[in-house]
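In what follows, a single structure is set out as structure tokens and then discussed.
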């Protein structure tokens, strides 16, 4: 009924005593997430929103059997937090912070690969599995509903827009994954699509991309293997070359990363590419078997 | 953040990579003085544009008088839209061959990539793939000397140049890694007198890592307005249209520009008000948009962390204090939508719930304003 | 008929153009080793003792299909050489140099573990499989003969002494492995004994240990699993505490690494411990089935 | 190579680890001056022996006169066989608690090991295992801050001390790694005024890595003879017996000592002439042995790389130039054995082929020489 995250996932929150950590712990609990512990050095023994706080991930994992972690610490401490999670057996790490140095992300991603850890982000809104009533992230709870559409996005608010339009059109989601807006992130479209391929609850996938890099082009060929219909919407048609559009990763550099190249590649491998976000829901409806 | 050539070369030098003798020139007198101390020089405009040579940004001076004259002609000139404030004077090199070398981050491989070519001196994008050696770095290992030798070997280098090149790869990677660079490039990497010299250099730094390098020279080539909004802490890019745009989230902001274009309008800017900005910064950002004197303003908010009533409050605050003398279109949905819409309505502003409708209306109003 | 190294092993020599590299290439060829290439940057294209020289391991492996490498470069360049071998697919690396910084050895050994590479040494005489007529190392060729005795040693000349005494007593060797005299080396007694356990050609094992560390103590328990008789001789009975006896690893520190502790542990798990090198052959003879 | 306490503390300080105020004292006057500038001090003998305090190597001075008197008493004193040349004067600390922390290389795990304990102030060998926290470092990851926090947490530390301790682990590992240390230890790691201070420190460096650290202060606590042989580049340890020994290879040299002991003799030294030493150094080493005026000399060679004729030539050279006025026993087998044996025989020296016989004979001759 979901990918990567399900109702059995036992979640800890690194940086639980910060404003963001505390607020989103409350939101996650409200949504149904099984938040079993929080980390905040020298604050072990406290409770935040009823969740026990530990000094270290090691203590938290020992005490709670946690297997997933969401990281809210400031960017300069994010690499440390990610390694702490990974070296202590956490196998799903969601990295919320933005402005993490790229060299740190390179290190995190390389280590994750060596250890077989799934890293979502950095600079992501997280991951939510509506049918399992669980999430690790900062997305608003009310815009999702359970259903057959898998969503994988590079941007946050834009994916909310699209998820909400799907929900309003009665097109619920299996899992929504934010890959993150940074140049180097844990996932690629392909790695997430592979999960959707193996998820029987997902019958159709929405890709939300943008200018910069070539993640969409790389993924295009995989669509043939996916075996499920794909609707793609990419943002940045009006963006000039050489300018960073908010996301560190959203930049057309040296002629690479243009929307044209991405849309062309996706279309060539069978995706239905729409040009405006409000066209996504309609396109998805056309792909689902009518009941 | 891109660094000027002279800063990039300073970094190379600090890591033991040979660069030509050179000095900064900010006045015609310094142009003459550069020839006096260096002999015949190349005078290179310190601006962050590609194809600088072809655009007239590199000239030569043999004599002190020429140094004065060329510097006088170049300082203050416009190069592809950028004003030239400084030149970098460098000993003229008797170049035998031009190679290429760079270290950058490969986004798909998620690791560092060393690129090298015997076809230096032109933009690497214009070099055929089969003339480029690409070597990915395992970040858990880094670049040990053998890695440099493998690149030198793949290029078919020999003797002294083989050794110097292999050594240079190690040093260039250290710069990339230790300075948190996005790109460090030597092009051309010249062979002069049988030895390698970095004839030109690029160094782009990771903005997110600047806190680790407090001594970095901050280079912001943006417009005055861009710099101002960057100081508020928001992402902002100036465009050439007439509809000012504010949205929350980078993807939403891009999509909003796309929507304006879709309906035949021209966006004036990219502005990401952030995923959870509060009243203050939102109002500040809106103030900037007003100051641009656009034909219309479009505010597109999907309230997730951002609360719609905060956005409404920011709009009303700007309306009250500075005034909003141009047509304003607001799209407001999500968290605390009802409260936000009600606040606006009470002030006579009708909020849209559909992004498409709001974008279309903004384009219509901008056209009417002509 | 051997462990780790056999007649099919395709060997390259890193640092082949140096005095030591050149001399031992000749010796290895004379013994029968299949030396297929040598490495010496900027000297690619030359021939040394009839062996083609390459600029890089990459080129050598591509051209020759080499799978084993012996390293003769000076200690400051040894880490680089080891990594070059390992990252290019070499799966058996023999590190001859002594005086390699321990931090470099730590890095080499950690990487070897991650990649599944067998590192022999550093500061070793190498490995020789007399029955296969092949060797990677600096040991004299004439003192070995083919037979059923596996030998694993921490020191070089002392192991020659013992191997030669075995040979003179008509007790041939399957494979002789020098672990190396440094504090951190690629192998432990246990890892080598595991190979001997699985080698049908080895019916009895000689361990040549010395003071320092606790490699012998760690190995003692494994002797129960080995299932083959073991004769152990350890050097350093007369060594005072706190002094480094030539080998960087041969030092009794803070009461650890004494001969008494090692011999006691080995005896407790069934090894026959002899006190002088000339007693080894006699003890081995007593363990082999009489023909 | 062990570093004196004051050098170890200098390293700690350079990495931002708090140490007490202190200064070197080489004369009684400087002892007085130390009290003048630091107030009441501990005066600590700078020698490389453990249990220095119990042996009288640490004394206190309240006044300048005491500083003078104590320094006078301590400088030149003998401490467990070592002459005290220098003292390190340190502000006397009001210690609340004593912890322990060290980073060393674990030979079996083949990786760095951090050891910590709440039971500081005594030798770590004397602390029960269950009072020691051991944490192995993955060399591919290194020590990130979380690692320090895990050690602090395992010790049960809290608040400020937790944070300071966690931070200190990171710094100590950096010293270990960047200085190529075999051991860096703070014991006791004192709590003073609620903060951590390194009250005593040990730093042992890796001899093999000294080439990477050209600024290192070289400390050789060996005897004059040991230093002399180290300068030839050979491994040498002085022992208290009367039979001088030379062998090739460290293991062979150790075994030769063992053999002498086995037959009831007492070896005078450990000397590894190397696996492939040539005539020159072998002769030099033999010269040293002769200079020790032993009761007998035993040369034990298994020629592998070492050629027996080279060894014979070295022996004959020493015999000819300096003379060998004590009984000499040579055991010579292996590469070029016949040539070597013949050379010796021509000079009237009978070579043994069995190590046991040679050792027994050397012991016999030494006893006869009494």
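Letters A, B, C and D name the chains as they come in the text, with residue numbers starting at 1 for each one.
The rule we apply is simple: a contact is a pair of C-beta atoms (placed from the backbone, for glycine too) under 8 Å apart; a residue touches a chain by one contact, two chains touch by 3 or more.
A quick note: this is a predicted structure, and the numbers were derived from the prediction, not measured.
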Query = Listed by label, which chains are in contact with chain B and with chain C?
reply = none
Key: Centre-to-centre distance between chain D and chain C (centres being mean Cα positions), rounded to whole Å   = 27
Remark   = chain A to chain D, mean C-alpha position gap in Å, rounds to 55
Ask   = Distance-wise, how many Å sit between the C-alpha centres of chain A and chain C, to the nearest whole number?
value = 50
Request  = Give me the residues of chain D that touch two or more other chains.
outcome  = 138, 140
Key: Multi-chain contact sites of chain C, meaning residues that touch two or more partners   = 111, 114
Ask   = Graph of touching chains, which shape: line, ring, star, complete, other?
value = ring
Query = Which chains are in touch, pair by pair?
reply = A-B, A-D, B-C, C-D
Message = Applying the document's contact rule, which stretches of chain A touch chain D when the two form their complex?
response = 41-42, 44, 55-59, 77, 79-81, 83-84, 87, 111, 114
Ask   = Touching chain C in the complex: which residues of chain B?
value = 138, 140-141, 144-146, 149-150, 152-153, 158-159, 162-163, 166
Ask   = Across the complex, what residues on chain D touch chain C?
value = 105, 107-108, 110-112, 123-125, 138-140, 177, 180, 182, 206-209, 211-212, 235, 237, 239, 247-255, 257-262, 267, 270, 272, 275, 302-306, 333-335, 354-356
Note = Within their complex, chain C touches chain D through residues 75-76, 98-107, 109-111, 114, 125, 138-140, 143, 153-161, 164, 181, 183-185, 188, 208, 210-215, 218, 235-240, 243-250, 254-255, 275-278
